[in-house]
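Letters A, B, C, D and E mark the chains in the order given here, with residues in each chain numbered from 1 onward.
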Amino acid sequence: QSKEIRIAHVYSKTGPLEAYAKQTHVGLMMGLDYATGGTMEVAGKKLVIIEKDDQGKPDLGKSLLAAAYGDDKADIAVGPTASPVALAMLPVAEEYRKILLVEPAVADSITGDKWNKYIFRTGRNSSQDAISNAVALDKAENTIITLGQDDAFGRDGVKAFREAIKKAKVIHEEFQPPSTTDFTPAIQRIIDKFKGVPGRKFVWIVWSRPNSPFSKFAELELQKRHGIEMASGGNILPAMVTYKQFPGMEGAAYYYFGIPKNPVNEAMVARHYKEFKSPPDFFTAGGFSAAMALVTALKKTNGDAKASALIPAMEGMSFDTPKGKMTFRKEDHQAMQSMYHFKIKADPAFAWGVPELVREIKPEEMNVPIRNKR
Amino acid sequence: MFSRLLSHDLPRSRWLALMLVVIVLGLAFAPFLFTGVKSINVAAKVLIFIALVVSFDLLLGYTGIVSFAHTMFFGIGAYGLAIALNAMGPTWGAIALGTVSALAISLVLSLVIGLFSLRVRAIFFAMITLAVASAFLTLASQLSDITGGEDGLSFKVPELLTPGFALMEDDWEGPFGAVALNGRFITYYLLFAVVTGMFLVMLRIVNSPFGRVLQAIRENDFRAEALGYRTVVYRTLSNVLAALFATLAGCLLALWLRYNGPDTSLSFEIMLDILLIVVIGGMGTLYGAILGSTLFLLAQSYLQDLLRLAGSATEGLPLLPALLTPDRWLLWLGLLFVLSVYYFPTGIVGRLRDRAKR
Amino acid sequence: MLETRDLTVRFGGHVAVNAVSCAFAPGTLTAIVGPNGAGKTTYFNLISGQIKASAGTVALNGQDLTPLGAAARAQAGLGRAFQLTNLFPQLSVRENVRLAVQARAGAGLNLWRIWSDRRDLLEKADRVLEAVALADKRDALAASLPHGDQRKLEVGILMALEPQVFMFDEPTAGMSVDEVPVILNLIRQLKNDKTKTILLVEHKMDVVRELSDRIIVLHNGELVADGEPETVIASPVVQQAYLGISPQEAEAA
Amino acid sequence: MNKDFDYKPLLLVPLLALIALPLTGSASTWLTLTVAGLAMGMIVFVIASGLTLVFGLMDVLNFGHGVFIALGAFVATSVFAAMGSYVEADSFWLNMVALLPAMLVAMAVAGALGYVFERVIVKPVYGQHLKQILITMGGMIIGEELIKVIWGPQQIAMPLPVSLRGAFIFGEAAVEKYRVLAVLVGLLVFLAMVWTLNRTKVGLLIRAGVQDREMVESLGYRIVRLFIGVFVAGSALAGLGGVMWGLYQQTVIPQMGAQVNVLIFIVIIIGGLGSTTGALIGALLVGLMANYTGFLAPKVALFSNIALMVAILLWRPQGVYPVANR
Amino acid sequence: MSAQNLLTLEGVHTHIGAYHILHGVDLNVPANQLTMLLGRNGAGKTTTLRTIMGLWHASQGRVTLAGRDITAAHTPDISRSGVAYVPENMGIFADLSVKENMLLAARGARSIDDIDTKRLEWIFDLFPAMKKFWNHPAGKLSGGQKQMLAVSRAIVEPRQLLLIDEPSKGLAPAIIQNMIAAFKALKEAQTTILLVEQNFNFARQLGDSVAVMDDGRVVHSGRMAELAEDETLQARLLGLSLKAHQ
């Protein structure tokens, strides 16, 4: 038995997702350091991190993961950033019979129909995102139109959102190409659809690209002119700058550093401020959670990193994260976690719109469907 | 005999010949020489790119057509195989059907593109193909029921080609490490054989009377027409041949990766890589494809590792570490683009042949 | 027999060739003269198919060529050398000629034979190069030839094509005086063959006088004179419009 | 332009708008979409104008044009950051105090980089399209990476100055204030370009220089300087375009240049690869088309630009105003 | 020769790429005279003109213009010191109209109105086609018309030295006569001309002095009149034995 546990972190170090990916890595390293009490050892074995850059390319991610397991003798892999990359990687884990801990790729199918038993995920999936938002908006007097980017991410999100809405009315689903440059037509369609609708009117937006529709809603003064409000999930801080134009906007977020109150989060925020003079962001929390999950599991197996030992240990396992307690659901290995219903406040001290906690949505409140076949 | 095999188109430079021999031997014995997962992946990718670049060189180097739609045909091949294997399961029949239907689609599409747009000015043709290729990319990611959308398709291949299939119980202990004689090993040699065949056939085509006419058209299409060569026919035929070869290369890619997605076979980035390889190797010399693909893919695959070394070596110096981190590898790749145009205006093959002439 | 009937082309409002009807019999050399811009080159372009006619027809041995493109007309037997040199610049001199030989042999669409295995084509190319006195430069790139040699190569390509109709557009322009006879001899040989139709555009009157069996004169796109060389040259329209000699001077000469 | 000016392409724009009128249903919707589309077209024109200039006059296929756009936008974010109080001030004139320098600095920086780009990257490849594509792509990659080194890989917000936020409301229809500004800037750029190219010898000289550099030099012109000048001007225009685009999107990312590349190439192809008026028409058509299809059939919007280009090329295979026989 | 030399080449060697083309050219061009440069194909005439113009640079030797060493000068500067050049391939800007071609040739003119109208009229008289096709794209001109345009460009403004490469090729006899008249008139107006020609008849009518090149060297120079009379010299230098061609 070797004296090391080798962990490969495969992520989009370069490419369009670079900024997100870096946060994950920072979080992962910080988390490992925190969880091992600064020793980087579990059960007397050194944790060795191998970094691989998938550049956001599925084929590359796939061969890098194989190289990590095969050439670099990694015992466990963490990553990747993008869902298509993750989906291409899933069969490799099965081939090598080693654990792949998915963080932060969101696609439902990773723990859905493409899943295999070597796959665990600490990151939230699209359904969790959508359902939490649905919970935040689901009131009988609300009428909702969804606006999503026309691809797997947007369509998954809208589908899960609709399934979770019980009381409110969803009257229309608007999809626009992910590369849309002008949102005027979409907004015009939405205005037309809302004509004559009573009660509160919401547009729920699921959009991950930087060409976001938010600012256009502000420019066209929808709230003032038509009483149409916006709702959306959380995002990374630079993207939440546009939220500042929508004080009072509601939605549900995966993470914002000021919201969760627990020792792990406090430790992470403090460390992050110390090291980078800035608060940790969305994906930092994810990386940190993945580290916590890994160390907890390895402690449980007493340093045995073989999948045969880890899988039983991790199924149903609960562990602490900056977001509080998470639990890997036995059925599909998805980590069940809290989400945060927020309301935006424009605080001059921050460049971005600050999400203030309305209430924490506990995992039990969200009926996240199990979509895989065992 | 050997010269006939190469269609009498010999390297014509001792250095070039030497480099080619090294590369070809390296590729032929790659599974025995380089036993790592990564290196064998690189070797396979080199093979696939040789086939792809050779097909593009027929268009660009020999016929003088700039097309940006070449990855489209590459993608058709890859998707053809992927969709067939995904839908019909891992059978040889699926591979055959996927390949044949991809070839058929490419044939029709390239014929249509050729007949309709090869009459316009070269630069317009380039731009039209750019637009067509980007439309095709969008289409592939939109038709997610068939193509898997952005996520692409992961699929299984016939038993014989899977890593699980073992030729021998135990790994073979070679002088450079243990060689697993499994399905991947078989797949690699399948690739090697097909690519070698494709290369030799292409060499034959460019050295045929037909190939010579293509060069004449590249030089002066107006004059070629006046000699009685129907340029539209020749150009279209060249376009179709190139498309078919690219399609086949795409099939090989899918077979090797057991995955395909829009980014993997259709992206503009790949198109640029092909262009660059042709230029680095030398336009209008098929040997350039071998040299260019090898050098470029080695650089692309190992640049980050190299930078990691360089980065740690320059630690403490101002600014340099910020540029030499593996994260900025694209910067150096960009530099490679610039420098290769600077220093290899006629490509490596052209350079070496000029030297040999002196 | 090459025949044009009412051949006309308009560029915008400008009629460059205006209803030219003319027949050229095998075994004769017809010189086409006329001032600059008279439409001589354009007339050639219409015959060989580089330009589409606005009206009129072109026929060779009774076959109507009007709907055909340049390539098809070349295959039908119309061969053309250009006024402004028009070569394959980055190919060798020999390859320039060999391509014409290959076109003549109709071997272009063969994808499988190795080009250098067709010794017959190569040898024929070499014979043509001998004939136009370029044999010693056969490996040079066409682009690096001096102007005069490029003109010779232009003629060589036409020779290699062995068409039934030869159209020379100022073959000797810019060629040095000691080289000109080489080309004129070639043309003479073709003439002696008695089966070829030869059309020659030339501004050097001595050459025209010596070689031609017949002269036609184009002026402003119209056919204004046609006949025996001496009579045509003596005609007032040629003397005035073309040679620039006033009637009095013509008298005196 | 002379008397037999070809006016048909000009009619395309109103024609497209008219066709859309019955389809959109209500007049106010149509008005909103049309005005927004035209303004969008103007912004697109500004970002494409430099490329038309460089391609139309110098025959350089600058695939790296996008990097100047991105650079302009990033420089502007820095200027805005430095002048934050003017951006946030609720006065049009104070806002302009921030906006004008942002534009000028962005143009200056992009122009300066354009100088380097011309000398180092473009100079060796004049007249060779293929190599231009490669080397300028290389330049683009380098530029994009350097932007990441300087400003970081993440997106940066670029909020509008306060007085430009919001919209003018006409009954049911709304026109964003910023778009009005964009139209003004676009018109200014257009007029300046048309004037320079038609009223001075510069345009002629560069076009002649592309065909036969040696001859232009033999006529006594220092073509090298002219080429540099045009390239710098083209880059500066791209920088300005970057500011306009960044303010429009309100966020900038290092990849923004690469993202608009296909769009601006479509615009100049429609325009005839080098005609300023053609590019303007192309840009307006693209803007309108995107808005109408986005409203009528969002799925189709994905292909609207390409469909538009194909339709135009079927009508005029060399674009609406073909420039020369290249 | 008593006249002062406007242009002199001393031992000029020129390489094009790897090829050594000029092997020490010595050439004097007397001011206000017309000098013919003759020689068979490939002798190096064009290369000599291009070297003078700075389009290729001499690797050895000296080129002097009006006492100034221009061996290493740049083409635009050489042009600006009063040299006009008509290249062998004519150098027409095919996409520009005849008018625009002329406008560019008149370096001082900002628009066509700035060009001396008298001079324009003179050119139109010499070459009527220029007027007729004034607004046409130059690329569409006939071969001879292009040649006329190339020469017109060189003479649109007064210059001290004209370098002209085979102006007569492709021209109808009447136009050649016009051109001869034009060159004579220019000579009257104190213009020095260096003319490359194959048409010996043309050369004989015009030349004051003559230089004959062969294989990258000047092998004979002297007065045109002498060469014109000495048929054996002609035969030796130019292969001009046959009556057939004058």
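Here is the rule we go by: a residue touches a chain if its C-beta (ideal position, glycine included) is under 8 Å from a C-beta of that chain, and two chains touch if they have at least 3 such contacts.
Every value quoted in this text rests on a predicted model; they were computed, and no experiment measured them.
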Shared chain contacts [subunit D and subunit E, defined touch]: none
Path length in steps (a step moves to a chain that is touched) from subunit A to subunit C: 2
Between the pairs A-B and A-D, the one where more C-beta pairs touch: A-D
CA centroid of subunit A to CA centroid of subunit D, Å: 36
Distance between chain centroids, defined by C-alpha means - subunit B, subunit E (Å): 52
Whole-Å gap between the CA centroids of subunit C and subunit E: 28
Geometric centre distance via CA averages, subunit C-subunit B, whole Å: 46
Two or more partner chains touched - positions in subunit D: 148, 299, 302, 325
Residue list for subunit A, restricted to those that touch at least two other chains: 18, 150
Junction residues of subunit C, two or more chains touched: none
All pairs of touching chains, each written as two labels joined by a dash: A-B, A-D, B-C, B-D, C-E, D-E
Touching residues (chain side subunit B, partner subunit D) in the complex: 60, 66, 119-124, 126-128, 130-132, 134-135, 138, 142, 272, 275-276, 279, 283, 322-323, 328, 330-331, 333-338, 340-342, 345
Partner subunit E, residues of subunit D touching it in the complex: 200-201, 204-205, 207-208, 211-212, 214-223, 324-325
Contacting residues of subunit C [partner subunit E, same complex]: 11, 34-38, 40-42, 83-84, 144-149, 169-170, 173-181, 203, 205-206, 210, 241-244
Interfacial residue positions of subunit E with respect to subunit C in the complex: 16, 19, 39-43, 46, 88, 129, 140-145, 147-148, 166, 169-175, 177-178, 198, 200, 238-240, 242, 244-246
Residue ranges of subunit A in contact with subunit B within the complex: 13-14, 18, 53, 56-59, 62-64, 66-67, 69-71, 83-84, 87-88, 90-91, 95, 107, 109, 114, 150-153
